[in-house]
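Shared between the two complexes below is chain A, which pairs with chain B and chain C, respectively.
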Partner chain A sequence: MPLRRLFALSSLAFLAVLAVSPVKNALRPYRSIQAQYKALGLARATSMKAASVYADRQIAIQQIWIPKFDNRVDRCTTCHLGVSDTVMAGAPEPFRMHVATYHTPGDFPRFGCTACHAGEGLATSKDDAHGTSPDSSAPMRPAAYMESGCGRCHQSETVDEAPTLSYGRATMAKAGCYACHAVRGHEDFRSDAPPFVSIASKTGGAWVEQWLADPKKVDPNATMPNFQLSKDDITELANYLFSLPVPPQLEQAVEQASAEPAGNSANGKVLFRESMCITCHTVDGKGNGSAPELNHIATRATRGWLIAFIRNPHAFNPKTKMPQYSFSDQDVRDLVAYFEDELRDFDAPKEILDPLRVNQTLADKGHELFKNYGCFSCHVGTERGGERFGPDLDGIGDRRASSLDFGKRTDLPHTLDAWLAAKISAPRSFADGLKMPKFSFDPEQRRAIVTALLSMSSAPVPEPYRYIPPQQASVVPAGQVGEIVDRYRCLSCHQFGSRGGDISTAPLTFEGSKVNRDWLVSYLMLPTSIRPLLPERMPIMKISKPEAEKLADAIETFYVDPSIPENPFAGRPAADADPKEGERLYTTLGCRSCHIIGSSGGYYGPPLTDTHTRLKPGWVYSYLMNPQKWRADIRCPNYGLTDTDALRLTAYLETLVAAPAAPTATAEQRSAR
Partner chain B sequence: MNASAHARRFLLLAALLVVLIVPGCHRAAHTVAAAPPRPTQYQVEIGRTIYKHDCQACHGDTGAGDGSNSFNLDPHPRDLGDPAFQKKKSDADLADAIRRGGSGVGLSALMPPWGHTLNDRQIDAVVVYVRSLKR
Partner chain C sequence: MTTGEWIRGTSVYRSVIRHGLEDTNRNRSLIIFENLFLHVHPVKVRERSLRFTHTFWLGGITLASMLVLIATGILLMFYYHPSVPQAYRDMKELQYVVDDGVFLRNLHRWAAHLMVFTAVLHMLRVFYHRAYRPPRQFNWVIGVVLLLVTLLLSYTGYLLPWDQLAFWGVSVGTNMAKQAPLIGERIRFFLLGGNIVSENALLRFYVLHCVVLPVALLLLVSIHIWRVRKDGGVQGPPEEGRQ
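And now, the complex of A and B:
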């Protein structure tokens, strides 16, 4: 009897075990979710036909399988059933239609869901799929940092339709993150931090100490972060910096300059304005801000150093973006006299520029600190210069939250994004003895940087899924022309193909097809404001006529685009070159909202009064046909003009020449405008 | 089975159906009414980026029509924050004005058409951002 009972019980237990799986399956949440979707679809459908689609739905797991993309199996659509269903626009989650992006809805089968959103694609329960536990190997990317998903495949610095990611990447480069942290694709990155070679002849001990305590407080444009140094650290580091020998030729140049007679401050003021220094620098916050603030420049460097530096900045810092203006000796003395009169900190202690008397023991300690804080990562040209001091960041976006050291930060949620955000706002708050300096990012920058960091994967996506936009050929001239380009640092602002700075909106890649040679020669010698609304304008660098001619000839010969016709009217009927029709178009299209002709119109775009002198007709026509072809961020909208209309407008604009009565403005008059 | 049993069963079924369907309809009707699509942060960001780049010079930081280039323009740029204007124009109206410009919708040609520069997705994002400028 007990045996039979035992048998019966074990049979029952066996049956129960057998039943577990089907029961569990029947109770899985996605089944009820699919039923809800069906009901919602039936309620929202506007036709019988549309409703029948929902009525016929079978309850089943849905999946997108992409063997070639890391063998991705994404079952997200098991619950997110409405992602490509227009009926579900604005529906409650999980049924809502996916927001329109470049890839949606067409590319779901190509990339699946987890390629952008991360998460555990195979899972069919919400918590597992979304990876909400700190142990999850694949937590979903939080909505606030969604664009990090774009950055997994799109590896260029700027990614179209991903503004936060692009801003994050740009901010990281500007802050010099890649100088300390190795990141795939940034192996060649070098910081713009200046070498120290002339520091002892440039400034005083008190100034250096002030700077080391908080660079941003001295100069809001400073890219150097705050190393949160103690008073002793600061003294020791300052002693080390002043112990570095100044190369004799630089020391001599500074000494000689300091013995020169005083300049004329009033002349210097005029010269300062026309030199358009705020194209890169700022004065009281006004200007571009990619170079130091100048409001206290005379408190920052000695008179002798300023004179010697402005005369030949490249001798002091071969990597500086600052052009070598062709000032006369007197010009530079005048400029510095103006600095000393007006651009100084009147509250600064008198001895701020006094040289520091080096104590060798302190200097040795400072040398240790220098190595200990990894200063050499940014300040290349020193011992171990350019070596990456911080940890690699490849794969930082794939770190499990459970593998992160939150240390003292018990206030943070245990997620990767919270950890990263805290790390970049208060790097040393996690434990004692950490070395990463403090940057002063605003909340928008922080979010952008976390987005960029989350896009850094441990392994690159498979090749066919990687997108790197084609690089434009960047031919930088060699020889004499190359020397001119280097001397005036054209590439600090302008672009040749994919190379160069971003201060100017005028790439030089096809400049030869764009502007007339004679205009270019006079513009190089005495630039006028083409877009008066911008603080960034071409500086008057006093380029000599032979230099300007050489440069203009090289541009005319090499920097041309074969798709821009020499004569756009060739082989066209005469009616296509009718300026009267073009003038009518100019009015009806509303060009005058941005452009000035004569005295009427806006000044958002370049004035067109003298188009004929400046621009070649082939360029005007090619530009009108598609402005964004020449630079993606051109603000002039594409009007979708027909060929004929573009030609007629070109014909009209080409009739525009400056009134002959207008005298040639002198440099002073132009700069006063 | 007799007729009354049939009728009883039919009634029972009908009652059951009513009990099942009515709350269902109620919930469905509720969802449809609450349907205006909520813009995502991504859309707002795209819209804001484009607005800053292409619209701000005339329409101004806050959409008040006081951008740096606005005083050159007659008629003056539209005050996009005006609640009456926001109420009057549907999303489709706004998208159309952006796409075809002022002359395309019978207004001032000084507002250029953006349909050849921005795609539909970008224009929708600008509309989303313009909505956020409502005072």
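And now, the complex of A and C:
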């Protein structure tokens, strides 16, 4: 019967189709990979006992299940079987032992694999797990940006063990990314961009137009990016800036200063060097570079403005990092005379500092441009100042490549990291009419920023996995001392606790336990170089004696570490304070390869010639016990000294007193001048 | 006495199978009458009505896919949690870990597509064969309701994977329901268990898909097939000359 035969045949065909799936199941690749691992383990094992572990292995899916961490299930170890197996060190992939990191091999059960590497942890085949297909929903983190995985849990700005991530986060803050883009944790961020209030009295229209065309070309230290403005845009913006009214008291100060007699350029040159301006500024590229380049300063601002600004920088820009030096009126005139003689652009057109005659129609158009490009995001103190102009960046590290607009960039691979890298280096190349300006990041900065961006997750990791290092108290006393700290902008270079700049290598958090008051007073009045190796020096700001004393007293009172003993020798046998033994230790430990005593020694560490004058014995002792306790990057080796040895070494160093030509004398001579 | 004869003599066997082995008309009809599952089936079927061109087997294929759907659906329920953090993950688990999981899920999906497709064709076939006319007018109405239940099952199952397709599919669908005059908003709220597509909607659609609609479908299908029998079996193409 044909109908019955058809039924029988179709039933058999259906059974055959049903058999396809179990066959595919039995031939899944991880099974053969596990067989290979077994063979490799048996070949590499060095003892019968070790070999039996491999021989007894069952073929099965392996997984790390972490209910506490978003119910994570990572089956990567189904193929990567040797991640914590020392026998597999240097074995071929996928069996190789995981390289040693801060979290491996001990923390696999706590973090799994995808917490750091991303990818699809549930998957049991290579392509699915690695997310290698285009527009995959869960691609693995590329090796170049591996540290973005660290940043998911480590949310502080600096993560000591992840230099690229830290560099990226620091670069983002420095470039002012958070001024335009809202990011969780950076709600209070405000750009350092100066206000425009005095621009009409500071410089000329031609200079502003030059600056707007390409700030980096005018000043390589400029943080302002290039907005790629057209010539008309530039003219309109310049007109707008010059149409802003200058506050009368600033205008008056500039006018008065410009009427003052010329100073002595030669004196100014000496003063410029003494004042250590290049600790922050540069001259022809030499210097720290965190403040503007000064080689053309006299072509950048008028004489009157420069004099008025150096006398009281905080009146012009309350947020500036520049300290208010206690120069005399003549000192400032001399300095500016030196600028005009030597630090100017001799090729610049004569009229570069001529004020712009404002055309109100152009100024109105410029005002529109000002709002249209979101200038107010960085230049706070204007209308809508500080408002976030760009899109939020929260969760940018979890964006799927398929949800990104690649626009005209058909050349890019469809991955998030390629998109971000291109966005950073050529933001306007994706479409016409985009507004993000062009920053000039070098490839290393670009990689670091992409790393930082990829670390921004859409949902924060669970509380127990979040790591934010404890914040150190960073109190600055109010009142007169606070005013002094503010006037001299101590925090531009030094840190109090977790606050402050990074130019100085000496945090002031525990300065009161470290140095002697009298030394500190004389140092504040006339700083000498402590570490000859460093190009950055404490500038001579001509701090007066009463100010220095107030500051030193406050430091002695507030910035003290209670764990440092006042007198380490108290209650110790006399033998522990034997300087002879200490001197012997000094020689045997090789301290002199970095430190100078008298006339011999190395230049890396500070000279120890005047230890007794400068440092307190309690500090010296505590430091010797653990040099890295206060700063992790201190190079002085931790010799693991015993209490007795540390005390003897302290006793020896305490015998060292500076030669009678104390700096205090010089300081008094100078202030008398 | 052979073993077979002995078994057939036991009271247990006789209480379950109540007819003889001989291929007689009496035994044939007993097989049908004594069996709950077969009793809706006619004792005798004309060979002509089994021919493919007679009905194109559309009702039968629909019924068969329904049975596949029930079987695979129950198996899938073992692996599925109707909750937001788990639902999509369970789809992945089916793919990555469950033996033959992808096949199971795809079987359910293919059978669902097939069922909707053949149910619609079945309706067209019945229409063109004029099988909606008395005495089958009541069964036609049940058939239409069955088609609606089938479509609703297909739609509620669409949300369960909880992927983008599901989410937006249901967003669009329930927004369409909202356009109904006067009670639109209420219908949408009723369907979703809230104003947005959320875990409430997921739970509602799950219960509808796995309990309410399947029970309704089974009841209606039983009545449908019973009516086919009562109305004189399947009706193929109307005979020439008869109107």
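Going forward, the second predicted complex is superposed on the first by the 646 of 673 C-alpha atoms of A that agree within 3 Å, B and C clash if a C-alpha of one lies under 4 Å from a C-alpha of the other, contacts with A are read in each partner's own complex, and residues count from 1 in each chain.
Everything that follows uses one rule, which is that contacts are C-beta pairs under 8 Å (C-beta built on N, C-alpha and C of every residue); 3 or more make two chains touch, one makes a residue touch a chain.
Everything numeric in this text was worked out from a predicted model, so none of it was measured.
Applying the stated contact rule after C-alpha superposition, one finds that A:Arg44 touches chain B and leaves chain C untouched. Touch counts on chain A: comparing chain C and chain B, the chain ahead is B. By the touch criterion defined above, A:Gln628 lies against chain B but remains apart from chain C after alignment on the C-alpha atoms of chain A. Contacts of A:Leu589 after superposition: chain B is touched, whereas chain C is not reached. Contact with chain C, but none with chain B, is seen for A:Asp128 once the two complexes are overlaid on the shared chain.
In the superposition on chain A, A:Pro22 makes contact with chain C only, not with chain B. Of the two partner chains, neither chain B nor chain C is touched by A:Ser599.
When the two complexes are overlaid on their common chain A, residue A:Asn71 makes contact with chain C while staying clear of chain B. Of the two partner chains placed around the shared chain by superposition, neither chain B nor chain C is touched by A:Gln58. Taken together, the two structures place no residue of chain A in contact with chain B in one case and with chain C in the other.
By the touch rule above, chain A contacts chain C in their complex via residues 3, 20-22, 25, 61, 71, 75, 120, 122-125, 128. Interface of chain C with chain A (complex): residues 50, 85, 89, 92-93, 95-97, 99-100, 102-103.
Of all residues in chain B, only 24-25, 27-29, 31-32, 35-38, 40-43, 45-46, 49, 53-54, 57-58, 68-69, 72-73, 101-103, 108-117, 121-122, 124 touch chain A in the complex they form. Only residues 39-40, 42-44, 89-92, 99-102, 143-144, 146-147, 161, 163-164, 533, 587-590, 592-594, 601-604, 627-628, 633, 635, 637-640 of chain A touch chain B when the two sit together in their complex.
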